[in-house]
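Chain naming follows the written order as A, B, C and D, and within any one chain the residues start at number 1.
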Amino acid sequence: MVLNALQEQEILNQQKETFQTRRATVPALEEILFDAIPLLDHGFIRVVDYMGDDSAVVQAARVSYGKGTKKVSEDQGLINYLMRHRHSTPFEMCEIKFHVKLPIFVARQWIRHRTANVNEYSARYSIMDKEFYIPRSEHMAAQSKINHQGRGEVLEEARAEKIMQLLKDDALRAYDHYQLMLNETETGDKIDDNEDGLARELARMNLPVNFYTQWYWKIDLHNFMHFLSLRADPHAQYEIRVYAEAMLDVMKKWVPATYQAFMDYRMGAAYLSSKGLSVIQALLAGRNLTREESGMSLREWRELESVLQIKLP
Amino acid sequence: MVLNALQEQEILNQQKETFQTRRATVPALEEILFDAIPLLDHGFIRVVDYMGDDSAVVQAARVSYGKGTKKVSEDQGLINYLMRHRHSTPFEMCEIKFHVKLPIFVARQWIRHRTANVNEYSARYSIMDKEFYIPRSEHMAAQSKINHQGRGEVLEEARAEKIMQLLKDDALRAYDHYQLMLNETETGDKIDDNEDGLARELARMNLPVNFYTQWYWKIDLHNFMHFLSLRADPHAQYEIRVYAEAMLDVMKKWVPATYQAFMDYRMGAAYLSSKGLSVIQALLAGRNLTREESGMSLREWRELESVLQIKLP
Amino acid sequence: MVLNALQEQEILNQQKETFQTRRATVPALEEILFDAIPLLDHGFIRVVDYMGDDSAVVQAARVSYGKGTKKVSEDQGLINYLMRHRHSTPFEMCEIKFHVKLPIFVARQWIRHRTANVNEYSARYSIMDKEFYIPRSEHMAAQSKINHQGRGEVLEEARAEKIMQLLKDDALRAYDHYQLMLNETETGDKIDDNEDGLARELARMNLPVNFYTQWYWKIDLHNFMHFLSLRADPHAQYEIRVYAEAMLDVMKKWVPATYQAFMDYRMGAAYLSSKGLSVIQALLAGRNLTREESGMSLREWRELESVLQIKLP
Amino acid sequence: MVLNALQEQEILNQQKETFQTRRATVPALEEILFDAIPLLDHGFIRVVDYMGDDSAVVQAARVSYGKGTKKVSEDQGLINYLMRHRHSTPFEMCEIKFHVKLPIFVARQWIRHRTANVNEYSARYSIMDKEFYIPRSEHMAAQSKINHQGRGEVLEEARAEKIMQLLKDDALRAYDHYQLMLNETETGDKIDDNEDGLARELARMNLPVNFYTQWYWKIDLHNFMHFLSLRADPHAQYEIRVYAEAMLDVMKKWVPATYQAFMDYRMGAAYLSSKGLSVIQALLAGRNLTREESGMSLREWRELESVLQIKLP
């Protein structure tokens, strides 16, 4: 369950109200404002506020008195130029705020992005919910044999099922014991009337990192793109990548021109080392460079083949 | 002149448009949105966008699904609590964006606040306007004899006038020569048809730091308060203080509950060292501590007298 | 066990080597460089590098060509002045780097301090050690009845023992299952020769947040003091406070003059609201202000009593 | 004049002292420690402190107990890998501190890099020196006709000389008037015994932005490389580029393996958009893509030609 009835009602109540504003407003984003977009088995992202739109980027780049926008094509051209030449400050002029529910181990990767504002649900102050992440069997993969920090082949169904059961049993037992230590049932009643509950800040230490936490997370558009470029990348762990991919969709609604430039010049772009560039220049000039001549490692050589979609000599 | 006719028109055009939004909206701030609030002789601040209100602070502190607000008094109580106990992250959930026109020497102090986003008018790309700051005679003060980095007595009228004239003449001559080097009049015509203009990035080096620049400046509420606490302070240079004070008024319209807490717990607060505290504890217990016993320097002793509004022994 | 034999040897080897340098050097800190200072049941901090000393603060404040230091008393006076007036930038000129081993739930609080550099042991890349934190019975406290996010009375011995056993059993079982999922024993052998191991990034999700992680953590002196002021504070959770307190001792060896100023003007200081200040001013002027007249909440009133060490009317 | 006799003596005094340390030490950097490397007509950079070396990067990436280094080739391989895959945090574990003397307009560009620590000489507190930057005639260039924020052709000698004279006269007059306003000669005597001096914070507003200021500037290796990649770039203004290029030389002495990786994977690298990549893939597959088919703008097309060093159809 992603939301309980009370939470759904609170969201609906907030969606009903509208106000008049002179601020830059994005109808496509307003439409999904406050909606919980479900992710993994119990997680979600919800856009809860935003500031600025594509024209705010243009406006700041031009330090303009009014809207600062010109023809759509000129604005797109300027945005492309800014993206291509790494003029990042105009993109810092837009801001977005999410409410996110996510497993603790995902939160631990996520928080490494320091240029963001965060308010997390406090397990010192409040009691954690009985919600934890169990991967679906198609995501139960073996350790990769080539990438030291990634996944390889999907496990056999039977083995995957067995692991899922282990994870589930351990999470349930951990939560039972959490309640025992707190001496409190889900309805807030004491389990043993004669005992005190252990402090919340201590009892929570029994919960595994697949339990869900939640936070408000606010970031500017430039740093948001940096986050997405790292976390919507195939090297990112699947469980954080699904969040980044859902956020990419949000970005497309919010700032379509910036999104376009981001996909062309960042997500779909290739970064060539001086050695890699020499190999290409040689090829285009009709010469073949061997790997030895190029000075590249075997790993880099394979990466270059994959970027160029050719088989190198 | 703070704005020319074209700039005024652009602002008016933008103020005419309104949109529907589900986002937190502050009518008192909407009213002054885009307005240029004049400061010094040619400067201004304009609020050009904002995100969140007092309830966004409360909402983030509670990591809530809906508005998260309760009774006004409870919300004020929570905000006071957060301010008093330095829980700064919920205040980072609000954001404000200004367009600011300010003398370069003020900009140089201002930019030291690193936790903000800035897009400045580029003197490499564009030609600087012929606008510079000349202090009014009542602000023409001598070097302070007690504070090594501040002002003391106001100068005599005649001396002040003489200095104003010097400043004005030098600024005008510097700008004339700037145009000569650029080889370009204010209307964009060449001054000498047979000459090339010096690159803008070089010609600008002749302009003194009292010339006006401008920028878009965006900051979250927590860091905004930090900026205000340092720059609306009597130790700040007058020319930056007027900007901070105008921003304090904006803050009062934007987030009145946070403003209230900020004035009580930050701007009007006193910070006592352990030694200062010992002096007060002794006094309240009916004992007098001498300065020597307290271990305080003469300067600290005077500061303490001023905070307590008494004459210490 | 805090360190294994191999780790101890690596540390000893590094301690044996010394080099010549012209850089500011602090003999008292050199003496403990690389040492593991044990904390909690398996944790530690180790200073692994540092930059600057008290004189580097003075040097930067004076933007000097040489050492920039004068008499010891003048330097202490300048450092006191900087601390008192919140001139924070000179303190940013010193830097310290720690290797820290700490439970995950402590790491989660710690990482909220964003102005630091961190490299954490990767559970995607490597296998986690079988080490977890179990509080000693004297730290097994009930939820506080007055502070919503703290501890109250220590639990009865029998109840504490029972909880310790629960925590221990769950941690051991979680780790056993972690190994089962990885299909790997501690010596790196396969448990079941016919099975693939689950990817490390997935298997780790079964481990509770009392397991130990470790990281390299580097911070400048200004932000270090900010961290210490929040985490060596009685409101901080005990398990992070022990780290902060050990770091305070390190700071005393490293920058004794700054440490002195920090204790006087920050750790031992009191922060009075404008209302609290009015109460004191009235008391010192021989008048009594009631709580109602002061406008303070009951909670603030009690806090003021505690700061002043008197009973207010 | 870059340094006066007193400053030179202070530097020499500091260079004479050496200490024993267990910290990572770089002999090649120790050799130039505190030296003023002259830049432009009166500027310099001086390395005044540093923390870490190449092995500190490796050590942090491995979260190791001892040195963490292996064979030189393995360490270089790991550093290359980190650089190529944008694993930036291990590079944040090294830190360097400079004393820099630079024209104000250069300082204004420089300070935009926010992730650094700065202490600047205060013109509120102290009197500015009579030192300003005058470009050499070979750097006196016209506004570029293709790049809106750069330089084009060098001006004719006669025109350059005339401009140099204008700049010099204005700077000298501005400084004379600065002293008049301060009512103080270079030796600290009053100019007019019957007058008060204008406050320093006001008088300085008459000085143009080619006057020299100075600061202590400290930054970690990751952000240092970001600074260098933007400021040692041909698009950067010449006057800041000379500082960045001198710092590149410093970096080579300090962290040679990281320097090597930086030159291969950053400075000499090319960044290809998805469109640019398609063009190359087509060419290598023996097909020609026209600019129209590629969807690239004329400007991008020219940029791609320049990267590939070929003439595209």
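In this section, a residue touches a chain if its C-beta (ideal position, glycine included) is under 8 Å from a C-beta of that chain, and two chains touch if they have at least 3 such contacts.
Since the model is a prediction, treat every value here as computed from it, not as a measurement.
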(request) With one step meaning two chains touch, work out the least steps from chain B to chain D. (result) 1
(request) Note whether the interface between chain C and chain D is symmetric in residue numbering, meaning over half of all numbers used appear on both sides, and answer same or different. (result) same
(request) Please work out which of A-C and A-D is bridged by more C-beta pairs in contact, and write that pair. (result) A-C
(message) Can you work out the whole-Å distance between the CA centroids of chain A and chain D?
(response) 34
(request) Please report how many Å separate the Cα centroid of chain A from that of chain C, as a whole number. (result) 29
(message) Quick check: what residues of chain B touch more than one other chain, meaning two or more?
(response) 89, 112, 118
(request) Classify the chain contact graph as line, ring, star, complete or other. (result) complete
(request) Would you tell me which residues of chain C are touching chain A in their complex? (result) 103-105, 107-108, 111-112, 114-115, 118, 122-125, 133, 135, 139-144, 148-153, 155, 159, 163, 166-167, 170-171, 173-174, 177, 180-182, 195-202, 204-210, 237
(request) Over in the complex, which chain A residues touch chain B? Could you list them? (result) 3, 6-7, 9-11, 13-15, 17-25, 30, 33-34, 48-52, 56, 59-61, 63-67, 89-90, 92-93, 95, 97, 99, 117-121, 214-216, 218, 220
(message) Under the definition above, what is the set of chain B residues touching chain C in their complex?
(response) 77, 80, 84-86, 89, 112, 230, 235, 263-265, 267-277, 280-281, 283-285, 297, 300, 307-310
